[in-house]
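Right, one structure below, let's go through it.
The chains carry the letters A, B, C and D, assigned in the order they are written, with residues numbered from 1 in each.
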């Protein structure tokens, strides 16, 4: 039977010292692990099973894979008495760690009825129990070695929290019954005017340095020269993007990168993902985690590919930011925004809510940059399987910055680099514009 | 809430005359509809959702589609007060009836988490309730018009009973956890010797005629001239097929049809589907609805394509039967065999169990014939959507005869024509041999 | 240097006895081999190289492959002193004879610039020279063994004569410059009325028997029972087929086999191959070996798939013939018709030209039958590589009968069975209708 | 009939002033246009027709397309009396200029036997004649407007000179007869030692500025900050790459980018393109434009993808250069190297031939950088169809620098940016290594 954290707690010897580092870690572990399951509360058993396209994983898989991470990189390495929950799970729930052994084909994750959802929750419970005991019992030396892996594991779990929502949205969207995840009201506002904020040329420090957690791809900290540039004060809205459509944006190859227009033709794109265009141009709809809604023209446009963001920018006689420019702009900005914890599960209209000069840098939507995802000067892939986390994906992808409305707030920072392939649309992605010169 | 047949019964006005035709129909309807659900008893909720390849449908889909059939062709036509359970279901659960409207893409049936399994059982219950009421209340004229459609619907439901088992076997087979449907013992016997039974040349009547139910493709009854031939007294065994493999059968293109060898290379066939070949040639395994088992050499070889059956026959210097020859041989034979109701869910060793001259003609395994599926002389496709049942599939498929261990006994007869594409292997298919001459 | 037959002749010892069987064979060999080259006279060097789709082979390949046949099956087996022209050619010009060794991928025949056209003509000349010498010098025993292979080789060469024209038509058709093979006038006539000819039920002898050449698939001669039937007196015309189009024939799935409608959607068919439909319905065009022409409504419709033929027949409330019915109808008919030697390279209007009760049975167009290509009772694949000629293709194809306007007249007979896959359209194929009953 | 430049010359009015700008342009035009045809001299008619894979174009197409460029962007715009050679050619020989109209599918260029090679040479001759007349007769205003387009057209023609050789190499390579383009001796030398050359951190100016020709993508000139780095003194050799193979380089996914290893598995890579690995590890071979040769271990390794270059660098504990670093290193270097005019058509061993500190920066092989192809700060796509030349390809490609042994010497410079997709191998590509730090 599956155990709640409370039940695990009771069985444990002594967990009373709230201020020890171990207790702090245990607390964060429990909070984050529980939150993953909270996100799944509105789902029916059947919802956990579906893979609606190769990029999507079933919710069940996310729940198991994040547990596999702790089992594989913590329990198996540091708990000599640990016995695997099920040896086949190492095969089923390894995502892409070649050095950990063979793995089940990614595109076939939706073919698995077993383990059942209940089995997977038991697996989580089993891993939690052993992890928390290990955290208490490990030698000081082991505990210190475990710290960076636990940190990575918790950040990894947060990434999958976001993916559970991104993926279930796609799963629901292909279903003619158009299921609702959670019905939430976002309010109706008029979007702020779009302003231009200027930045001077100069050498800037870019990337992460310091003791707090960051992914390996955020460093090393290094210098970059930046020519003068300007950026828009908020994200582009549905209304602004609809103008692009109404001006034939999807039928004008001269606005598109060559690969982008090929993708448009191949996929039959005529609007952002999840839009349902009304032929009479009167009442367009949009599918959200709150179900089908009328398209709100003041809200930020989302679920667009890099190619669409780039074409829109060209149509506006602008361009997208480089990731360096984004980081320059964001490095002084407070971490305010619409995140997962705000429970909108959708970007909201920019209406002075935070009172910043540049709004929506954090939260709401991941912002496509024009920068390919590549290593910073001096970057080295860490050794071992953990080194497969980031470095090996540094080709064919574009960098996105700032987090989204389904990113946990504590997960994001100014140096954070997300990355997806340019035609990807199922992530919560949006557009911020830039211009050259002063 | 879902209702049992008992509960529906109570709500009905008068169902006490056991000998009326309506009561008889109601009884058959309830028996067959309930049996479909009985077959699903061993499944977990998650098992109902999976489509492991395009030919497979989720169990949930089978449950709903068979109800859609009665809803569409009976209730909507004859019950004026009937209101659809859910209008989207007509789109979701139409299989291929073009004249009934557009339908959900077949290969994407496994992308649907909703309706849930519980929703589908409620749909069945709702259709059952209205159907049984209609059966009682319909005018005599309507009742008589309904009879052939109900007959078709019940035979259709039986076909899907077989498919539920065929499909769940495939779903389980792709899962590294190798789930068990139901563990059943089949006994261990030595297979009978293979004998040859001779038939004379002559004009034979082929096809169905008469008042009892048969599908349209089984008629009209007509004459065919048959040259003298011989057929084997039982199905080919795993042991006999293993010899073919051990003699390089899968590496000798000269034994294969050209399309067959191309399929072998494309699919990487090295043995029948569900075999797990032991490299040391000692302990081969086979996946069954009872789970993984040691390969029993005396049991009939199953889950082979037409191409494999044909290549095996050529290797034996024999050939497969034509469907005419099969019907000539079967027309005098009693309907004895290993069927769904025997609950083995697997073919069993031929060991004089029925004491027939030709064993295993019915049940155990569908026998591939060398006959392409085509219309009999004088065949006309029936008008309307019901006419899409058989005629439009008369190209690119081979005829199979005799039913299998997952076919309901009351569903089969000597004139029954099943058909699948030559590379299909997920059905319960086997081999009987033939030779020319006396 | 390439040699003409005259030059080869001079070098030979004694070829003066016109009435010896060897001389007769030498004469037929020279006549047929020369005719192949005559067919290629209108082609430019570049035209010999192109493979416009996987089914098409470059003319150069046909010229070489037919020579490879004589080299491989005659010269290498019977001429001990023979040295291969080029050892790589056995790899390049083997079509599908697995038992002769590996071969170049069929779909990549158009990737070969070398051997050049001139090289290939030298290869032909070299094989001709050695073949004719062998024919003279072989022992009587060898000569008698060679006879069936030579016969097969010459019939094989005639099949490739037809394919050269079929294939170059496709090559030219995909070229926006719409090249002309040879401009020929066919005259303008009104098509005969379509009549129905009746045949009685009975046992008929089907298939070839006797000393004159026939392919293995035409035998053995055997009996078939045929129910009464009627057939149309001529082929269906473009005008009649245009009615089918104008009545929405390509948009009505209920008229089509399921596989056929899927092919229509996949390939985007809206008319026969090589038609250019005028949107204003005024002046449709057709691409022929004489170039682009106005569509002649009285000429037979050609370049249609089996599926289109079948759908048209269903629309007319008729059906296609079985191959047995066709042979019954044709067995008493004279071998009159529009063949390759008539040099129209296109079917011609049926206007009493031959004064037969049933016109166009031979020549003009191959007639799709509703019969799948399968072995006759008692058929055995011949041993050795030659056995790969026919038997291994007996799945997935439909039988066509009667030859076409690009078939050599001496190549065809009433028992001749041609076969193509049901979606094939690049062959010269047409429609004859049948009905059940008297 | 096709005309030589001499014949065109005679027909022209007065072309005697050698020192006028028009005469200078005419001279360069004739020189470059003639050189294109010189490159084709060793080809047989059939060789001009083949497209061995979608990236390759037939030589005939290159000859025509480069003429189409002058016809479309010069003659049609500036010569009012000009009549198209053939209106269909605008459709056939437009490569990707959407704004010039629809174009023939790229992957089907090898399906065209017509226009013949002779037709294409006449087209060249016709365009040359009219171009040279226009150059003489144009008004001063027109002449000045034409200059940048002519410059672009001549540089464009030089790019296709390189492509003709790159493409014919691939065409020949897939042919089992392994044709030779031109047999050339390259000498046998021992490769120089590999040294490391250091560069300091700092702000560098990058990109082209000035009056001499450069492509739009080479500008604007701008500043970049570069951290300290080191680069290898020459290209990597076959011997060094063979060590990578012998140490299991192609079987160790941890050395590869994720996309790279997927490409390796998909394509079955086991060595660079054109290598023929000897299983006994004794005598490896390589296919070159001189035909099949023994692999020379001292020559630079070529025809490797970006992924292979990157994996090799990682195996060496190094990395590839950024394009900025390459330009910093090359900006002071003389333009010495092994180019098209040296007629080796293959990279040669580095053996002090140029006496430079860093050898082989120019010529021999295009060097893969780790930089994605993207716009420089301030870059704007030029207006009109000419603007489609570079900007629209700025996604999904990596930058290569330095030119190769089939690049015309006058075509290259330090700011030149070439770009190909990371899995491309048919270009003359090689590896130079870099390291971080001083």
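By definition in this document, a residue touches a chain if its C-beta (ideal position, glycine included) is under 8 Å from a C-beta of that chain, and two chains touch if they have at least 3 such contacts.
Just so we're clear, the structure is a prediction, and the values are computed from it rather than from any experiment.
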{"item": "Maximum centroid distance from chain B, chain identifier (CA atoms)", "value": "D"}
{"item": "Chain C and chain D: spacing of chain centres that average the CA atoms, whole Å", "value": "46"}
{"item": "Whole-Å gap separating chain B and chain D, where each centre is the average of the chain's CA atoms", "value": "61"}
{"item": "Inter-chain centre distance, chain A versus chain D - centres from mean C-alpha coordinates, in Å", "value": "40"}
{"item": "Those chain pairs that satisfy the touch definition", "value": "A-B, A-D, B-C, C-D"}
{"item": "Complex contacts: residues of chain C adjacent to chain D", "value": "44-52, 88, 91-92, 104, 108, 110-117, 171-172, 174-177, 179"}
{"item": "Contacting residues of chain A [partner chain D, same complex]", "value": "96, 98-99, 201, 203, 222-225, 227, 229, 253-254, 256-260, 306-307, 310, 314, 319, 370-372, 374-375, 377-378, 381, 387-388, 392-396, 422, 436-437"}
